[in-house]
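All chains are identified by letter, namely A, B, C and D, in their written order; residue positions are counted from 1 within each chain.
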Amino acid sequence: MWDYKTPGIPDEYFERTEKVPITKEEIRTIQLSKARLKPGFTVFDVGCGSGSISIEAAIQIEKTGKVIAIDYDENAVELTKKNIEKFGISNISVIHGNAKEKILELGKADSIFIGGTGGDTKEIVQLAQDKLNPGGRIVIGIILIETLYSVLEILDNLNFDSIDITQVTISKSKKTTKGTMMLARNPVTIISATKT
Amino acid sequence: MWDYKTPGIPDEYFERTEKVPITKEEIRTIQLSKARLKPGFTVFDVGCGSGSISIEAAIQIEKTGKVIAIDYDENAVELTKKNIEKFGISNISVIHGNAKEKILELGKADSIFIGGTGGDTKEIVQLAQDKLNPGGRIVIGIILIETLYSVLEILDNLNFDSIDITQVTISKSKKTTKGTMMLARNPVTIISATKT
Amino acid sequence: MWDYKTPGIPDEYFERTEKVPITKEEIRTIQLSKARLKPGFTVFDVGCGSGSISIEAAIQIEKTGKVIAIDYDENAVELTKKNIEKFGISNISVIHGNAKEKILELGKADSIFIGGTGGDTKEIVQLAQDKLNPGGRIVIGIILIETLYSVLEILDNLNFDSIDITQVTISKSKKTTKGTMMLARNPVTIISATKT
Amino acid sequence: MWDYKTPGIPDEYFERTEKVPITKEEIRTIQLSKARLKPGFTVFDVGCGSGSISIEAAIQIEKTGKVIAIDYDENAVELTKKNIEKFGISNISVIHGNAKEKILELGKADSIFIGGTGGDTKEIVQLAQDKLNPGGRIVIGIILIETLYSVLEILDNLNFDSIDITQVTISKSKKTTKGTMMLARNPVTIISATKT
C-alpha cells in the first residue's frame, strides 16, 4: 500500500476518527528522521494515537525490527489496530494501558517515540532513558507549554546528549474562489536526543 | 464603552456573526499603528467587514475626523452599523456597494485601509493612490497569495514610498485539563506605504 | 517628532546600539494596546531596554501621566535617556538598578510593562501585582521558555483576571535581486492581565 | 558515514561554505518525503546548492538509482562534489550549467527536486513536467513570494495532480545563561505534485 523508501505517508491514507488526533504527516516525517531508524531496531511508540508513527517506523525497520505501540486510550488502541491491518503491517504489537507501568515490563529499545499531551511526559522520559540502549534515540512531540518546560528541565539531568529542540509550524494551502490562502496548524515542538 | 487611548479593543467587545470575519485584535492593532492617524483625519475603510477597524480609527481621529466604511456584502454593512451603535460612534458613514465604483464618488483621504479577500485588491490600491493626500498612508491586510503578489507587483509603479511588508502570525493559548497549548491563527500579511 | 495618535513609531526612529535589544515596533504596538493606557496614568516599564515602550507610553498618557523606566543595565539606562531627549519627552523618569529593589520604593501604578529576559520575571510579576491599582494592567513580554512557564505557573495564584497569552511571530520582507523573501524574527509571547 | 534508513542527516555533517546556502535538515526531510523515492529511481536535483538533497536522495534510491545534480553556481558544484566525496556516494552526477539548457539534454526522471531562488523556477517547472515519468513527483522549495505565485499560476495548467502546498517555519532552541529561547528561521514553502 505504501512501497516508498521514505516516510511521509499522506494523512488521508490512514483511518482516522474524531476521537483520536493524528500526528500530521510533515511533523511525523521530522519525528521519524530524528529517530534515526535502522532495519532490525526495536522501537517503542508511547502514546501511539492513530498509529501513524508506529506504521511508518515499522516500515523503516523492516520485518527484522519490532514496534511496540502503547496507549491508555481504548479508541487509540483500536484505531492503531485498524491502521496496522490497513497497511498490512506484521511487526507492531499494540498494548493497551498506562505507559508508566507497561514500559517497565518491556525489554530494551533502540528508539523511543513519546507523543500525546498527557501530564506524565516527564516521568515517561525518565523511564525511556532506562530502556534505551546506548546510542539510542528519544523523540518527543510536545504541544503543551508545561510539558515542554518539564522535559527541558529534566533532560539535562539524564544521560542524553545531542539534544535538539525544534519547533515546527506548518501551514497548508486552501483554494478559495478568490485565491489561495494559508491555513495555520498548531505549532509542535520536537525534542530529540541520544542516550549516552 | 472603550475609553482608552490606544487601539486594541478585544474581539469579544464587538458584535460578531458567522457570516462576516473579524480582523483579530492584534492584527487590527498593527494595522491601525501603520495608518498613523491624527485627530481630524479622513479615513476610508474598504471592505470594512465587522467594522472593527472603522470603529477603532473613528476613536483615534476623534469627532473632528471622519471614517467612510465600504463593503459590498450586506451582512458586513449591517454588522458594521450594529457595532457603530454599540460603541456609540458618530463619525462613521457606511456605504453599501462595490468599492471600485463607490470610491470614485468620494473626496480625498488621509489614510486608507484595504481589507477583505476580494479579487479586486490591485485595482482598489490604484484607486486609493489617487484619493490619498500626499503623506497619507495606505494599509492593506492580505491573506491570499495571489493578492499579495498582485499588490507587490503594482506598488513599485505607484506613488508610494516607505513600503513595509510584515507577515504576522498569532497564536493564542488554550487551557486544557493537561496544560496550556497554543492555537495558531492564519498568517496575515500587512502592507503599508506612504503616498508621495 | 512623532505626532500621531497611535503607537507604532518605526524602529529606525529610535537611537539604537548593539548592546541593547529593542522591542520591534509591531510587538511594541501590541504590548501598548494590551496595557490600555489613559491620559494621567502612572506606568512602570521594568527592563526598559532602549526605552521605546516608555516613550510610546509617555505619549499616550500625555503630560499629566508619568512613566517610570527601570533597567539594571547601564547601557539601557543611557540609551533610554538618549531616546527621551531625541523625542523631547518630559514625563519619564529613568532609574538605574535592580528592579526587585527599586520597585519597592515606588508608589502605585495603573499599568506595568515587564520586559527583558532576566531570570527574575516571576518575582517581579509578584511585586508588580502589589503595586498595581485594581483594574490596572500588567503586560509581560517573554522570549524564554522557562520564563513563560514560571509566569504561567504563578499567574493563577495572583489577583489577576482577563489573562491573555498571545504568541506573535513577525516576518519582514527583504527585496533581493530575484524577488521578495520573508525574514523571520524570533517569536515573542505577550502575557497580559487585569489586576482584580 | 550515515547508515540510517531515514533521511535527516544533521546539517553539521555536511561541508558548508558561506557562499552556498544549505537546505536545513528539517526542510530537507520534508522535501525528501514528498518526493516518494524508491530504489532504482532516476532523480534530478535542480539547483543542488550544497548537495544535501542529492546525497540523501542518492542513499534512498540505493546504488541501482541515479541522481543528477545541476547548479549554475560554480561554488555549489564544487561544494556538492566535496560532500559526495565526504559521504562516499557513487550514484550522483554533477552538472555545472544553466538548468534550462542542461535539463533538455537529460532523459526521463522519476522524481525532480527544484530548489534555489532563481527567477526561472516557472520555466524549469514546465521543463520538469516534460521530463517526469507518469506518476513521478516534483518537489519545489520556494522562498520568494514572486516564485510562489508564478508556480501556483502555472501548476494548474500543467499535467499534475495531488498538488500539495505546505509552508514550514522552523525555530531552533538556543541556550542562554538565563534560559532557552527559540530562534526563528525563515519560512520555506514546499510545493509537491504528481505527474499525471
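Points to keep in mind about this one:
Here, contacts are C-beta pairs under 8 Å (C-beta built on N, C-alpha and C of every residue); 3 or more make two chains touch, one makes a residue touch a chain.
Only a predicted model underlies this, so the values are computations on that prediction, with no experimental measurement involved.
The interface with the greater count of contacting C-beta pairs, when A-C is set against A-B, is A-B. Rounded to whole angstrom, the centroid-to-centroid distance between chain B and chain C, based on C-alpha atoms, equals 26 Å. Averaging Cα coordinates per chain places chain A and chain C 39 Å apart.
Chain centres here are Cα means. That of chain A falls 42 Å from that of chain B.
Contact of a single residue of chain A with at least two other chains is seen at positions 145-146, 152, 169, 171, 173, 180, 182.
The touch graph of the protein chains shown is complete. On the chain B side of its complex with chain D, the touching residues are 145-146, 148-149, 152, 169. By the touch criterion stated above, chain B contacts chain A in their complex at residues 117-119, 143-147, 169, 171, 173, 176, 178-187.
Chain C meets chain B in the complex at residues 3-8, 25-26, 29-30, 32-39, 60-61, 152, 164-173, 180, 182.
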